[in-house]
Amino acid sequence: MDTLIQALINGTALGAQYAMLALGFSLVFGVLGVINLAHGGFYMLGGYFTYSLTSGVGLPFVPALILGVLGVALVGYLVELVLIEPIVDDHEGTLIVSLGFFLVVIAAVTVAYGPEAVPIEFPVSSVLRVGDAYLPVARLIVIAVAALAVLILWMVLFRTRHGVALRALAENREVASIQGLRPRVYFPVAVALSAGLAALAGGLVLPIFTLEPPVAEVALMTSFIIVVLGGLGSLLGAAVAALAVGLVEAIGGAYLDGSTTKLLLFSGVLLLLLLRPSGIAGRSVRDA
Amino acid sequence: MPRLLSSPASLAVSGRHERQAGRRLDRRLTMELGVISLLVGLLFLPLPAENLQLISQMNQAVMVLGAALAVYVMLRLNLLHFGVPAFMAVGGYSSALVAIHITDNVVALVAVSLVVPALVAVPFGLITLRLRGTYFALVTFLIGQVVHLAILASDRLGRTDGLTGVPAPTWGDVVMGDALTTFRLGLVVCILSALLVAGFMSVNSRRIDSLRSNEVLAASLGLRGWPIRLGSFVVSAAAAGASGFLVVNTLTTAHPSSFATLSGVNYVAYVVVGGAASIVGPLVGTVALVFLVAQFASEGVYASALLGGLLIFTSLFLRGGLTSTVRRIAEWLRDRRTPVPRASRQRRAVDEGQS
Amino acid sequence: MRARAERDVVGDQALRVVDLSKSFGGVHALRGVSLDISRGQILGIIGPNGAGKTSLVNAISGRERPTAGSVMLDGLDVTGRSPDYLSRRGLTRSYQQSNIFAEASVEENLARAAEFAGRRAVGVDAHLQATGLDAVLNSRSGSLPYGLQKMLGLVMSLSTGPSVVLMDEPAAGLEAGERPQVDRLVATCAEGGCAVLIVEHDMDMIRRLCPTVMVLDAGALLAAGPTAEVLARPDVLAAYLGVGDTESESSDG
């Protein structure tokens, strides 16, 4: 029973982190129509920027995290302006360009920080005990911050004028443009937002686990599986799928082993695709 | 009611049509035959057997050319296929198992490495049939992951250690173990893959071009899209599998790290940078990038950076890759020397458009 | 009016649509639309923007799967079947925007149409002469003026030798001088035994070509019957919000 509770807590924390990751990825696809492979890189940069600001500059963790997130958001903004915008209507081209950036970023980080994990620690390492279950406070903080971030994102998208504009552009770019919404202004913002969310996830979580270059690829694959499961372009689907994947991974990890769980998860999603090509909540497409 | 072939005008129509189609087929067929002849020619080229470095580098390129062809087949349908390592692994591991437990006859091994991945590709192909565009690309990453995880989970396949000590292929009494023979075997396998790919694409060229150009229109005119997509996916898997066999053969080991998911990016890069207008593109891209990486980026991390930079540069400035860019420059130069009448510029635009 | 008594046999329905409905996400694009059309008949479909005319064409031609209702082609139930299946069975459609293989020549476009349908096309060169496409067979179709591209699309859909053709705003984007060419294509097609369904905003063309017409409004059937009568009805005019004749207004549908 305690194993289960433990797993549920871990799973929720994982799901929360995944939600931040996947929402940004889905947002960029929804608004720009672009599959941004650099997304895993933003996650990784969130961790490394925070690390540099804490150990290099000596800032306390929270300001370092905030600055790190802003820094990565700026990187995202520039990536959209310089790399994506020139070819934004070419779906294959933008995927390739974002892939190129992903590779370059990983290489840059490896050169700058080395291929091994860097020593960074989450400032809070206390543990709560509930019965026989151990609840690391760090994980609870992750859940709280992620929930807050998702709530703020939701409010921005659904309650502010600019958020509504973003969603209108996602829904139907032509009509939205005719009505005066300028994609050129909103696209970089969408990518910046998505990068910031990924960086927040990375900056929060990577110190808890390990911060090393391979995490970028893992984050990318995780984003893929979640958005495919939840439906490409559906924010709610991404959030629900993120939680589901987090729970499955944690519970599977508790009773089976990590890679078997992953194998079952990935196979399951592929099988689902056979029946529902657009995922659980994705837009149904006969000819995408 | 006038019939299509009765009037002089329509005779002219059909004649012109045949010439037009003939011209288009000629160019691509010429490219394909050219590439295959080149590979055959290399087979008979006397190479200094002592220059192991040169042979090893040439072998590097030959090893992965099949993987580039696998990407090329799908890219002709405008689909980016990042799951090629998965089918390389299937080909590599199945030929390794056969070599270890059943026979090391080279024909059997090559056949296994072509057929088994093709069969495995069918269920995956069915899953991807209804996926379009970049969504397809995303899912191919997942296919790569699934196969990779399955290999890691299998005791039979050696888990993280892989299968070591894979015996060299034999042809009668000849054991094909030395570097030069390995390279030549690689060339033969590449020729087979190229023939398979070129053959499939020639037979289906009009359908492939139509699906690529305007799938909705093709469907509303009556074209069944799924046989072409599934066929392309299966042919792609076969070419990838053969490449996987060459990798395992060169390393004498079937190891999961040779087929890492992210390595799929390399093969896509070869075709994107080389160009996907004809079979020359993957050849050019593979040779160029394998050479560049060997010369300037021997350390893994710099290779990644180089590849990434090239992908960015190509996407932004070299639309269509190296081969298309070279062709555009050549035509621009040709136009500058002699003014071109509008009609033949139109015809050329048609030819170019066919790629 | 053409005399086609031998074809107007009761029950000789080339296309029969029964109670076709299509909704998605709370939007009811089509609500229980029914129609019958026999060989050689030309039926017009009109209605204000958003009435569901294109949805109707999409739902019949397989581009979208209807939520309810059925489509029968020559007595065969083909509801929800894919566009390529329907095309091979003899039902094709043309598109409101020009839809061609832009990088291929005109000839190649036609060759593809002929090959994919798997049927021998007849009368194509008459169509080519009528539209002026025979003069530009070698040209890259994407470089042609818009009107010619539209005509090419129409000729391609007709060249598959269909028994039913759905034309989605064939005149949209055409100059006034080009529109009579559509008339000729439609006439030739119907004379050959084809059932033609024309969705249009150009009322003059509807009056010229269609003896009967159906009016859609908000996804449902508003009126149907002889064209002159229907076009004079006040509720039909009201549905168009006071925009009656559209000769001057629609240059792009």
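Residue numbering begins at 1 within each chain, and the chains themselves are lettered A, B and C in the order written.
Throughout what follows, a contact is a pair of C-beta atoms (placed from the backbone, for glycine too) under 8 Å apart; a residue touches a chain by one contact, two chains touch by 3 or more.
Model, not experiment: these values are computed from the prediction.
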Check: Compared with chain C, which chain's mean CA position is the farthest off?
Finding: A
Notebook entry, point to check: Closest chain to the protein CA centroid?
Noted result: B
Notebook entry, point to check: So what's the Cα centroid distance for chain B and chain C, whole Å?
Noted result: 42
Item checked: Computed distance of Cα centres, chain C from chain A, in Å -> 47
Item checked: Inter-centroid spacing, chain B versus chain A (mean Cα positions, whole Å) -> 33
Note to self: Could you pull out the residues of chain C that touch at least 2 other chains?
What the structure shows: 63
Next item on the list: Going through chain A residue by residue, note those that touch at least 2 other chains and give them in order.
Entry: 287
Next item on the list: For chain B, write out the residues touching at least two other chains, lowest number first.
Entry: 216, 219
Margin query: Which stretch or stretches of chain A touch chain B in the complex?
Written below: 35, 83, 86-87, 91-97, 99-108, 110-111, 115, 217, 221, 224-225, 227-228, 232, 259-260, 262-263, 266-267, 269-271, 273-274, 277, 285, 287-288
Next item on the list: Give every residue of chain B touching chain C within the complex, in rising order.
Entry: 1-4, 7, 9-10, 13, 16-17, 20-21, 24, 206-207, 209-210, 213-214, 216-225, 343, 346-347, 349-350, 352-354
Check: How about chain C: which of its residues touch chain B in the complex?
Finding: 61, 63, 82-84, 87-88, 92-93, 95, 99-105, 107-108, 110-113, 115-118, 120-126, 128-129, 134, 137-140, 142-143, 156-157, 160, 192
Notebook entry, point to check: Can you list the chain B residues touching chain A in their complex?
Noted result: 78, 80, 124, 126-127, 130-135, 137-139, 141-143, 145-146, 149-150, 152-153, 215-216, 219, 261-262, 265, 268, 272, 301-302, 304-305, 307-312, 314-316, 319
